[in-house]
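Before anything else, here is the set of structures, which you'll find just below.
Two complexes come next, and they have one chain in common, subunit A, joined by subunit B in the first and subunit C in the second.
What follows is the complex of A and B.
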């Protein structure tokens, strides 16, 4: 019983974090057609900004939303400076990899210079612990498990039920036609990056609440988000969400039965096999489009 | 060195045909090649101290890795993000062969190149059907898989601790330690010459033309009888051999191996060398390796600011000169030549 509860809980918790990260990556990929390698750094920066605001004396309820909004601005600026000028170039996919990696390195080292290498922690969403099914869990983790699906549902509503969200999906499906019907494609590109960055920032705040933060804290989640996105199919929002939880459970089960060392190797093995059989991802339809 | 070699043009239409008029005649290139590397061979006369030579040796190793990456990434258009894993495989193959199997260092050096080539063929199998971003992800996954296997097999590989006291190379009875690194300098240079010669001959050959054709117009190339399976395997395998040897040399030179070679930071540095130099030139990657390595040393006083300055410069060059340093050199050379011609 306790084994099952542990895997279930671990899977839900990790899956929530992966989903928050992967959705942003998928959003940027579908709208702009590039991979944002500074996504992990967004996560780190969100956490550090939140920490700084709390340190300045703001209550967490104010500091966290402010940090998320600031991250949206950071995403917009990054898009305008290192992605937008390259749009239309033949080798954009490759060049954006290097410019976003370089921008990530800039932000990471900037954070290291400003905040130093010492580990920090931000307050949990809800303090305290409890026991469910024989497994001790913190209320912070339960809060994450509950909040994440709500945020993802809100994102889904935004993409499917609002004019702006529909415009974003239109750009993802057909950029030329979007230009023709008068959509501001440049602004929508910025919006995709802004949403992705604020989701990553929120994931960083979640993570900073239960684990020590460091300037390199984003690199491992970025890697996991990449796997999730490949696994679930790059061309949708729902695919990566399902895949995030699936991989969360897979990891929880693996580390329970095979140990922590073998989990990443097994995960990458499964990933490569998936791509050999279904290159477009297991949950993907064959067309490129959002939601 | 740069103006004598005048690398071939970046234009895809011209690059696709082996005897297009815009290409540098092979005689000109041979003269530039010999002159350029002869200049490099004279450098120890100027730089007597061990530290300067160490920097040059590291630049040579990076140049081999970056220029071989340019073969698969630039010419082949295969977004192989596992290239550094091939380097890492070279490092660990050499270390384990010499330490555990007591191979002769030179035999182990060559064997590491072969093992890296086999690994490259293995990684080609899952990406044969894939395109673009998916290739990035699978090869990235492959690199992580290799790293995780090395970490988990810590009884043999040393895991995250790495390996130390790896046997170095030898040249007869020559003392490799007390010669101011000149033996290692010339071995590294010889490897770079061999690798560059191999790469340039390869890209100028029919096989080289066919992989460029696959990159630029896959359907047409296939319809003209170019096999994507065979050529993609050939590209990856060809780019792996000297990469593996460079890894082995790195292990022999440093006398230790660690999983840092699989890390993102090294991959980012080498990738910026390839892109900063300008893809599909081979020489561009080599020039950028020298520029970046020496630049990084030159800025050592800036401490924490160094990676930030480097990042800003990389972004700046990529935004201003999409074809990299080679494009920048060509543009300024063209402007200079135009100015010199005008008065006449």
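What follows is the complex of A and C.
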């Protein structure tokens, strides 16, 4: 019983963090058709900004939302500076890998200069611990497990039930046709980046609440998010969400039965096998588009 | 009547390749305008320049008297100049309903959304049957209806159609031509690029033969030509 509870809990928790990260990456891919390699740095920056605000004396309930909003601005600015000028280039995918990596490493070094290498921690969403099914868990982790699906559902509603969300989905599918119905394509690109950066920043706040922060804290989550997105299929945002939880459960089960040491190898093994059978990802449809 | 659209000495192309060489033409003075000519000679490029998808290297494009060169595609749509592009690629994973909502996205079109939706459904009753279906699951003819329907949702003051009947079966093509005639009778001036000269002769009052990125011949009302003469112009010399 406790084995099942541990795997279930670990899977839900990891899956939530992965989903939070991957969905932003997928949003940017589907709308603009580029991979944002500063996505991990967004996560780090969100956490550090939240930490700084708390240090300045703001209560967490204010600091966290403010940090998320600031991250939206950061995402917008990054898009305008290192992505937008390149749109329309035939080799945009590769060029943007380089520009976002460069911007990311600049921000990372900036964070190191400003905040130093000493690890930091931000307050948990909810302090305290409890026991569920014989497994000791923190209330912070439970909060993450509960909040993440709500946020993802809100994002889904936004994309599928509002006019602005419809516009974002349209841009993802056909840029010329979007221009021809009068959409502000540039602003929508900015919006996609802003949303992605906010979600990454929030994931950073989640992470900084139970683990020590460092300026490179985002690089492993970025890698995981990339895996999730490729595994789930890069054509939608629902694919990566399912894939995030699937991988979360897989990792939780692996580390329970085989130990943490073997988990990455097993994960990559399954990933490679999957992509050999279904190169477009397990939940993918044929085209790019937000669904 | 003043022309609603005039293209004055436009030069445009892609990168270093120039496709349009100092092209000039007018629309709306005599009614609908047809463009024809061999493939690859710049008709689509001209329409892209008009609707702001492509920045001309030089020249002026006036819509309703105002120079729109340098205006964003969004501003041009906002002014009521609506372009249905060639090849009906559209939004493959959106439903017909979504496309219609997008058509009415601009602030100018939004107040007319309900009224225009009725018009579109009256014109293309087939779309109503498939309202929630994704565009990718529709036939070529239906996709073209969605393209044109989306444009009508934008409340056009001038409607540009780029080869609307391209690749359609004869029967579907006839139906679509009839619908385009209906749109014209409804009072929307048209610029139509078509390979089917018969259809252009029936629909338009003024024709331009576009050749090597410039107007080779203009055919004004009254100078009615028969099919044979046009064909000989088409294939030249």
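Structure notes:
To be clear about the criterion, the second predicted complex is superposed on the first by the 291 of 291 C-alpha atoms of A that agree within 3 Å, B and C clash if a C-alpha of one lies under 4 Å from a C-alpha of the other, contacts with A are read in each partner's own complex, and residues count from 1 in each chain.
Following the convention adopted for this analysis, a contact is a pair of C-beta atoms (placed from the backbone, for glycine too) under 8 Å apart; a residue touches a chain by one contact, two chains touch by 3 or more.
Just so it is clear, the structure is predicted and the values come from calculations on it, not from any experiment.
Applying the stated contact rule after C-alpha superposition, one finds that A:223 touches subunit B and leaves subunit C untouched. Between subunit B and subunit C, more residues of subunit A are touched by B. With both structures placed on the common chain, the touch criterion links A:136 to neither subunit B nor subunit C. In the superposition on chain A, A:116 makes contact with neither subunit B nor subunit C.
By the document's definition of touching, of the two partners only subunit C reaches A:180; subunit B does not.
Residue contacts after overlaying the shared chain place A:166 against subunit C, while subunit B stays out of touching range. Looking at subunit A, you'll find no residue that touches subunit B in one structure and subunit C in the other. By the touch criterion given at the top, residues 29, 35, 81-82, 85-86, 89, 91, 93-95, 97-99, 101-103, 105-106, 109-110, 112-113, 219, 223, 226-227, 229-230, 234, 261-262, 264-265, 268-269, 271-272, 275-276, 279 of subunit A touch subunit B in their complex.
Remark: subunit B residues 73, 79, 125-126, 129-130, 132-134, 136-138, 140-142, 144-145, 148-149, 151-152, 264-265, 268, 271-272, 275, 279, 304-305, 307-308, 310-312, 314-315, 318-319, 322 touch subunit A in the complex. If you check the complex, the residues on subunit A that touch subunit C are 163, 166-167, 169-170, 173-174, 176-185, 285, 287, 289, 291. Only residues 51-53, 73-74, 77-78, 82-85, 89-94, 98, 101-103, 105-106, 109, 136, 150, 154 of subunit C touch subunit A when the two sit together in their complex.
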